[in-house]
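Chain nomenclature is as follows: A, B, C, D, E and F, assigned in order of appearance, with residue numbering initiated at 1 for each chain independently.
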Amino acid sequence: MPDRLTHVDDSGAARMVDVTAKDVTARVATARGRVEVSAEVIALLRGEGVPKGDAIATARIAGIMATKRTPDLIPLCHPLAIGGVEVDLVVEDDAVAISATVRTADRTGVEMEALTAVSVAALTVVDMVKAVDKLARITDIEVVAKSGGKSGDWTRPTSGQA
Amino acid sequence: MPDRLTHVDDSGAARMVDVTAKDVTARVATARGRVEVSAEVIALLRGEGVPKGDAIATARIAGIMATKRTPDLIPLCHPLAIGGVEVDLVVEDDAVAISATVRTADRTGVEMEALTAVSVAALTVVDMVKAVDKLARITDIEVVAKSGGKSGDWTRPTSGQA
Amino acid sequence: MPDRLTHVDDSGAARMVDVTAKDVTARVATARGRVEVSAEVIALLRGEGVPKGDAIATARIAGIMATKRTPDLIPLCHPLAIGGVEVDLVVEDDAVAISATVRTADRTGVEMEALTAVSVAALTVVDMVKAVDKLARITDIEVVAKSGGKSGDWTRPTSGQA
Amino acid sequence: MPDRLTHVDDSGAARMVDVTAKDVTARVATARGRVEVSAEVIALLRGEGVPKGDAIATARIAGIMATKRTPDLIPLCHPLAIGGVEVDLVVEDDAVAISATVRTADRTGVEMEALTAVSVAALTVVDMVKAVDKLARITDIEVVAKSGGKSGDWTRPTSGQA
Amino acid sequence: MPDRLTHVDDSGAARMVDVTAKDVTARVATARGRVEVSAEVIALLRGEGVPKGDAIATARIAGIMATKRTPDLIPLCHPLAIGGVEVDLVVEDDAVAISATVRTADRTGVEMEALTAVSVAALTVVDMVKAVDKLARITDIEVVAKSGGKSGDWTRPTSGQA
Amino acid sequence: MPDRLTHVDDSGAARMVDVTAKDVTARVATARGRVEVSAEVIALLRGEGVPKGDAIATARIAGIMATKRTPDLIPLCHPLAIGGVEVDLVVEDDAVAISATVRTADRTGVEMEALTAVSVAALTVVDMVKAVDKLARITDIEVVAKSGGKSGDWTRPTSGQA
């Protein structure tokens, strides 16, 4: 077991870890999450009987833009050369399923950017449905896969601990 | 059932809803969420055998600061006069439990600010533990209670739909 | 004729003009502009033969979000309580026509916010079409009407000087 | 004719295009635009009889700073390593002519940064003159030239379509 | 003696203090500071023999803009309705003396905004002179006076403790 | 003596200097500063008789985050790939001593980032103590050392001019 978190030094002080000696390599990370909503919201998002409009596009764009704000939000994150982002929202029967894939050519990985994209897309969905469904809940935000960098490729196991 | 989401107009176009005619009143919202982490991370966050350091403080401050970035992140949110923020993190046996209470004296509610505080505090926890626990998962982010404004006080029911 | 611009003092130094003694009143401003594009771009934006997709929604959301960034961009602008924003894009035969209406209840007007919404929506259109049409041009960005505040209602005359 | 805009995928969803496989090369882009203003404003900006002060410098600095905010404003723009910026404003007889040149060593071009610099410098001019001239109009914002990258050098033709 | 800092609660946790119950009143704060520079820099800033150019204007505008970024920078600061800002720079014989006055009509004071304006104007001066004078030093940044709010008017005593 | 500041061109106009032709190399800069505070504040920060809480951690995190905002604050600064940051605060008998070390692998140095980290950490200290000590003063902010880049290593001389 490591004797401390990498983001704090021996005395416990927070710091941004030095990555300047790491190689610039292509890196990719994918994250996902869900927003549980009522049946009424599902019908509105599917545009049943009415134009479904910009709701899903708004959440997708919010997620894409949030990748670029990640280092402003998360104190010890490095600013990265974000090189590509896809955010996907699927309206399921009881939830909106969100996934985000972020690519970079830089010195550290983009898991936090992918998780931030999913989180902000999810918050944007809640913002748009909250007048109709006060119980909307964001859940199961997690990294699904990452590749590139020294630690190599990783895919989240289907169940249990790694 | 409403025939559309309030954030889109009759043609489906996204818009920021006009609140200028609403009264300035004191409003409060509380949200909560959890970050599920491994036993190893729990031990590190509790500082068993080592200084626990700034980790929890870093996540708390990230959450507080995020309330002020909410309108930059969520496209249709109004900028608000944030008047007070508390973010609380409790290290439980298998998760970090996060709650946030945000106060304003303004024309619309602060649920999104409270949810954003919880989300960003949760992301910050994941950022600090991800080298030790790749499986960390953010879950159950939801509004717990709100008060103030025309719609009055509301508390999330213990179970089931409202 | 005034002997100087209001944003500089007697010595010529830039300053943010003091508005603290002004009344909080409802204020509205509308601005418009155009992005001249090729016939090919018009066909793509109209979705002739292909899904037209998120292009117009992306520009609309960029415009809405930009109203909230106005004081970060324009050095002497006051931060304002933006209370409502609508951004409209119409695909015409040789251009995308953009208009934006911004509302506030605050101590100064929102012309700059409306102009910024139009400008950033226009830049976003250019960004999306520039691979197809290098000659895209943004033109005729201007205030159309404003109301509220001490100076009262104003509508841009159809032609000539006020 | 391309069958879609590069910024949307086959289903029409907005995305940030992946540029991670492109080479880091020196790239330059120049854009220009104009703010049409009244004769009275021209006299004030020229400092006839009074100190002309910081007005032009304020707009120039706003334009330079805006290049750094481009990816925050334009949803699908990549964050870039801006390496140099010049913004030039010339007070002509009936307008302020603005041009901006932006340089980078990165994986994609800087046309949007140059256009954003011109746009924000123009908005700043309008902000400073709007109390004197409500009819100020921003016009003719366009890319003049670009170089670097795979597509090579390009200069806007004097008239007509490319 | 108070038993704790107002920005931490009884357990020591950082929080943004609740000001929603305070009155909206006109408030003003003035701060000052100095940048000590070499004689060579003084000559360049005074434009002896060369155009002095935009250097002082750049620092002034940076200071004004920084007042609007204060809550983004200082974690526990409230976002405020900044209503007016003046930043003054005087080139003295061995230093640039900076002062800033910030006004608001809001629920809490603007000392931090005034101090931030001075600090960022000072940093901007250092940025512009650092190639000529590596020893430039920022010093004596302090609140000079404040008025408005429940605590009333206050002026820094000429020497000694309050 | 140089005939002008590097950040202005021959006509005196501000510009962001072109660094695109410079090499990407590892660069480090260290800055320091002090916040002079009352004995009462020192006791509170040391946690004498009460939990000292998050105060120092809050200032440290504010300093780290500020390095990432440097190009947003200082008009002519280049955005840089910040690769590591450490901010240290020591509670001395009559002041809080702050130092910051910033690392990058980029085309220009990080002195401004280190100075900004110290300045914002200092402002955060003042924010937290100002209710107890109105006379808190920020002083002696300066670069201590830098290395990397064409100009090589430099350490501030103990006294006198370089």
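Rule of thumb we're sticking to: a contact is a pair of C-beta atoms (placed from the backbone, for glycine too) under 8 Å apart; a residue touches a chain by one contact, two chains touch by 3 or more.
For each chain, UniProt lists the protein as follows: A, B, C, D, E, F = Cyclic pyranopterin monophosphate synthase.
Note that this is a predicted model, so its numbers are computed, not measured.
Shared contact partners of chain C and chain D, listed by label: A, E. Looking at D-E and A-D side by side, the one with more C-beta contacts is A-D. Centroid to centroid, with C-alpha atoms defining each point, chain A and chain F lie 31 Å apart.
Chain centres here are Cα means. That of chain E falls 16 Å from that of chain F. With centres set at the average Cα position, the gap from chain C to chain F is 37 Å. Shared contact sites, meaning residues of chain C that touch two or more other chains, fall at 9, 13-14, 54, 57-58, 60-62, 65, 69, 72, 75-76, 79, 81. In summary, the structure contains touching chain pairs A-B, A-C, A-D, A-F, B-C, B-E, B-F, C-D, C-E, D-E, D-F, E-F. Against chain F, the residues of chain B that register as touching in their complex are 54, 57-58, 60-62, 65. Within the complex formed with chain F, the chain D residues making contact are 26, 57, 60-61, 64-65, 67-69, 79, 81-88, 103-105.
Chain E makes touch with chain F in their complex at residues 1-9, 11-14, 33, 38, 40, 43-45, 47, 49-55, 57-58, 61-62, 65-66, 69, 72-77, 111-112, 115-116, 119-120, 122-124, 126-132, 134-143, 154, 156, 161-162.
By the touch criterion given at the top, residues 9, 13-21, 71-72, 75-76, 78-81, 106-107 of chain B touch chain C in their complex.
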